Amino acid sequence: MKFGIVVNEGPYTHQAADTAYQFTKAALEKGHEIVRVFFYHDGVNNGTRLTTPPQDERNIVKRWSELAQQHKLDLVVCVAAAQRRGIVDRDEAKRHGKDADNIAAGFRISGLGQLIEAGVLADRLVAFGD
Amino acid sequence: MKFGIVVNEGPYTHQAADTAYQFTKAALEKGHEIVRVFFYHDGVNNGTRLTTPPQDERNIVKRWSELAQQHKLDLVVCVAAAQRRGIVDRDEAKRHGKDADNIAAGFRISGLGQLIEAGVLADRLVAFGD
Amino acid sequence: MLLHTVNKSPFEKGSLDTCLRLAKQGSTILLIEDAVYAAMQGTVIESKISEAMKRYSVYALQSDLKARGLDEDRLLNGIKVVDYGGFVDLVAEHDTVQSWF
Amino acid sequence: MLLHTVNKSPFEKGSLDTCLRLAKQGSTILLIEDAVYAAMQGTVIESKISEAMKRYSVYALQSDLKARGLDEDRLLNGIKVVDYGGFVDLVAEHDTVQSWF
Amino acid sequence: MADETMEEGGNPTGVVKKFMYVNRRAPYGTVYPLEGLEVVLIGAAFEQDVSMAFVDDGVYQLKKGQDTAETGMKNFSPAYRALEMYDVEKLYAEKESLEARGLTQDDLLVSVEVLSTAELTELMEQQDVILNY
Amino acid sequence: MADETMEEGGNPTGVVKKFMYVNRRAPYGTVYPLEGLEVVLIGAAFEQDVSMAFVDDGVYQLKKGQDTAETGMKNFSPAYRALEMYDVEKLYAEKESLEARGLTQDDLLVSVEVLSTAELTELMEQQDVILNY
């Protein structure tokens, strides 16, 4: 079955970001297809490569990047939510005159249409939030 | 009177970040001293220079930077909370092998001791959160 | 005395209930952000708030009332309205602030 | 049928109450994250949950029970426990998911 | 992956699903209602069967007379009036949520269909996708 | 600004204030309890008069038997047992909060003083600084 995943909260602050990951992993293990993971609201903060969590804690960003690489996941960060919160890739940095970017490996920035499309393409859309 | 301000939530997502700013501004207008503004939990996300909010919305990060410059405010981002969330200055970037930093003008990264100290030095410590 | 601030809607979260349980008689409670809805007439919690106002001084932040389209003439009798400067004054007049999130 | 998920503590937020008001009789409700506290015996909301279980199938996420130190032998009778894989199965078995935050 | 298919709107897939946006939060305390509205407005271009339900504190999003000037925040309430232009015409509010807050249709800045809890339950059961803001 | 004065702990100011940390949230659902505990442990070095109150869902932070392995999260509950080593010895739990959740002292991983609501009210009134997690 095709699943779409929506992540509405940032890493560490709310368990939603963890539950979304565990659910996605379990769905893949059961042989389901993940058509997209869409990061919205503070969820966009899962997509920064600048985090350095304590050694004895899980690395939430890295975990998504690795899962994306293993399973060719489409991790989409909402551009409008990302602009409010300071998540940028090289193109966004150039467009807005920023001197740095911070997006993590495996994530891409795109529009809200990608959320609607995930809802259309997936058999089930599951949202994790606060 | 001496006030210490604690900001526990990031920009835009919770009004706490706005109320903290409006309160700080009003306290300064009344002639009070702000001994420190301490950013904790997701509050550290107020300190990224990579945001580009829509033209018709307030620029929360820039607003803090400007208030800090006008009034020589001490804006402190908690280092432990910042590491979990990807807010880094040049030193932190070097220490953790990051290829970019994102801290905004007027903010500095320091330890939790600065929060306790604000509580000791201020006549009133006021926290804004979710 | 403590100044108590509450910033959550009384219909969504228990913050105001906990504040009303733990605030000492005679205390001041300031409603800010989504908590200002508690100050309105005609809600299911009107009698609870009116009862509480016998024990506490209750303020609401003007900017948050206006933002949410809440007219001052529909506030419960006895609710005092302050602006951000008044919020600062309340903090200065009390020894310690307890923020109920 | 909808699958309803709830992730907030019933003692802190009204999410579970709204779910119980709006979920159709015969629905399945999955408690995750802080909502798993609702599944325990001996709380002030025990009778409300027991009453609701006459109308709904109620599940709780095992990993969240364990994380919070909640023993399965102190769950209300009839609560079903699933792991993340079971969560996935519940989603697959229902037409649509409604997440009550 | 389907980067291009729906980026611009329209509906090349030909699939029409029932999308319901459930709005359960007060405005301004959090950004969810504003960012939720952005989803609805963008989503309107994709020719799906869209409805919005206002439940719990979500009914406050529709309160007349919002004036955010003193908070420095953006007053996004006029956008609810624009929904019709985007062909988002099915707006529902739960009667119980309105009554608990002492609100009537006269307090609201757009006209909505007021539903009983049971009616809203049935409507939710018919949806293909439900998103909460 | 006083960058250096208290960065390392100790108390060069000579001022001793009453700090109360009010813990009102369940563990793991949010990071506030964990990051709150970090404040308490760091703060212990600054020789202030510290107490912790567990109220509402905060009492769940002290529940015995937490095992987070399946969630992938860090089990930080052992740190409550370490508080004593940091001279954080005044731990209070509100009786009403415990009872509402069906918990007794036997369920808790550290021993706390159980206070009535009225007693906790009085204790809060004596504080100089209150922080909530």
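Labels A, B, C, D, E and F are assigned to the chains in the order they are written; within every chain, residues are numbered from 1.
Basically, contacts are C-beta pairs under 8 Å (C-beta built on N, C-alpha and C of every residue); 3 or more make two chains touch, one makes a residue touch a chain.
Since this is a predicted model, take the numbers as computed values, not measurements.
On the document's contact criterion, could you list the chains that touch subunit B and likewise touch subunit F?
A, C
Quick check on the contact graph: shortest path length from subunit C to subunit F, in steps?
Contact-graph shortest path, subunit C to subunit F, evaluates to 1.
Which chain has its C-alpha centre farthest away from the C-alpha centre of subunit C?
Between subunit C and every other chain, the largest centroid distance is to A.
On a CA-centroid basis, which chain has its centre farthest from subunit B's?
D
So, what's the distance in Å between the C-alpha centres of subunit F and subunit A?
It comes to 33 Å between the two C-alpha centres.
Which whole number of Å gives the spacing of the CA centres of subunit D and subunit E?
Distance between chain centres: 26 Å.
Counting in whole Å, what is the centre-to-centre distance of subunit A and subunit B, each centre being its mean C-alpha position?
So the centre of subunit A lies 25 Å away from the centre of subunit B.
For subunit E and subunit F, let me know how many angstrom lie between their CA-based centres, rounded off.
That gives a centre separation of 40 Å.
Give the residues of subunit A touching no fewer than two other chains, as numbers and ranges.
Only 12-13, 15, 22, 41, 57, 80, 84, 125, 127, 129-130 qualify.
If you look at subunit D, which of its residues touch at least two other chains?
7, 11-12, 14, 33-34, 63, 83-84, 96-97, 99, 101
Residues touching two or more other chains, restricted to subunit E: which are they?
Residue numbers touching two or more other chains: 28-29, 31, 56, 71, 73, 128-129, 132.
Sort the chain contact graph into one of these: line, ring, star, complete or other.
Shape = other; not a path, cycle, star or full graph.
Touching pairs of chains, which are they?
A-B, A-D, A-E, A-F, B-C, B-E, B-F, C-D, C-E, C-F, D-E, D-F
In the complex, go through subunit D and note every residue touching subunit E.
Residue positions touching the partner: 1-2, 14, 18, 21-24, 95-101.
Under the touch definition given earlier, write down the residues of subunit C that touch subunit B in their complex.
Listed in rising order, the residues are 7, 32-34, 63, 83-85, 87-89, 91-92, 96-97, 99, 101.
Please give the residue numbers of subunit F that touch subunit C in the complex, ascending.
Contact set of subunit F toward subunit C: 22, 24, 55-56, 96, 117, 120-122, 124-125, 127-130, 132.
Can you tell me which positions in subunit B touch subunit E when the two form their complex?
Touch residues, subunit B against subunit E: 12-15, 18, 21-22, 56-58, 63, 130.
Would you tell me which residues of subunit D are touching subunit C in their complex?
Touch list, subunit D to subunit C: 11-14.
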